[in-house]
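Read from first to last, the chains carry the letters A, B, C and D; within each, the first residue is number 1.
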């Protein structure tokens, strides 16, 4: 299991180094980092989650991605709790011999994580963030 | 111009930190790192390039990507010279308010860089690497 | 059975979780029972298009059976990532 | 005019670049002139499907004009990234 749900920040460079350390069979490493955008109004945010289910959901999304693409490694870190503007929220790392698998798997994981992992964003100024239609339709691509 | 063609290695974490430092409007940061795979036979490689034209080609690919997607920033680093198995070859970083733009732009840049930037790989064991049909057909997607 | 609420469902109902003794056979029946508990519940469950449900930590539908279930959670559409 | 060779084109011809005085109007005509220079050149240009050309550092076709051109480069399909 390479999934972490945590309040603490993470270090993308260190996570990437850990993934490629001691091996030379990886051809492509893709990272996605999601950050808190400073929206007009409120720059602080709280990420609520469903402990237990969150980990299960992420593990299941990772397993699905590994079933679809020849991944050599995969890592998902998602934070919860209060987060300031500019803070890192989520990291997805994928390693594969070829670039398209690494790209597609990372995008797949993000698409599912967005609307299938139990997280909810509340912005200081504007309240609970509404789910975006676009996030639901993004899943169509993977059917 | 955020393009570098260099013999020296690069630090992905530091490049990402530099891109997001002092701003809080980025929502999505995607990185692609290409690495030298240890192929049976030879683990060392030499990357030849065409100085002058390489930089122009990368700048033009970056400009094309910025024209297609709303990127907040973009960075391309490509190494040349002798490279051992496991070494980093190329880095593409894209920043955007939304994840799909960042993912697509990074993949677009890699697809064009693969067969439109003047680099040639020679492996210690097997000689000059043949261009892959798949890399040429990958460009079809962006027409 | 443990019933959990998240995000604005939690805020509307006023508690993050509660023990519920029920003979409801499905999630939909449980929702009807909860709505009958008063205004806060009725408000929280007013627009079922905006309510998602997980049974024993798996996303499911309102028609899902509650047989042998230990944990049901209600929450708005997820907004992670 | 400066003519450059890269990768196995460079190895086959034996030099990375050379000054060429030519009255060729197009890249294709220049290729024919170069092939006539001897075996190494003939070998390097034997399979034109595997030869790419850049004129003044822009990728182009064999039919490209050489009018006013300062630099022509020949090389195999690129394999960067």
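The working rule: contacts are C-beta pairs under 8 Å (C-beta built on N, C-alpha and C of every residue); 3 or more make two chains touch, one makes a residue touch a chain.
Quantities reported herein were computed from a predicted structural model and do not represent experimental measurements.
Trainee: Tell me, which chains sit next to both chain B and chain C?
Mentor: For chain B paired with chain C, the chains in contact with each are A, in label order.
Trainee: Between chain A and chain D, what is the separation of their C-alpha centroids in Å?
Mentor: Each chain's C-alpha centroid was found; their separation is 48 Å.
Trainee: With chain centres defined as C-alpha means, what is the inter-centre distance between chain B and chain D in Å?
Mentor: 26
Trainee: Compute the distance, rounded to whole Å, between the mean C-alpha positions of chain C and chain D.
Mentor: 72
Trainee: Could you please state the distance in Å, as a whole number, between where the Cα atoms of chain A are centred and where those of chain B are centred?
Mentor: Each chain reduced to its C-alpha mean, chain A and chain B end up 22 Å apart.
Trainee: Mind pulling the chain A residues that touch 2 or more other chains?
Mentor: If we look for residues of chain A contacting two or more partner chains, we find 34, 99, 110.
Trainee: For chain D, what residues touch not just one other chain but two or more?
Mentor: In chain D, the residues touching two or more other chains are 81.
Trainee: Between which chains does touch occur?
Mentor: Once each pair is checked, the touching ones are A-B, A-C, B-D.
Trainee: Given the complex with chain A, which residues does chain B contribute to the contact?
Mentor: 11-14, 16-17, 20, 23-38, 43, 85-86, 97, 99-100, 102-103, 106-107, 110, 138
Trainee: Write out the stretch or stretches of chain D touching chain B in their complex.
Mentor: 4, 6-8, 54, 57-59, 73, 75-81
Trainee: Going by the contact rule set out above, which residues of chain A touch chain C in the complex?
Mentor: It comes out as residues 34, 47-50, 52-53, 56-57, 78, 89-90, 110, 113-122, 127-132, 136.
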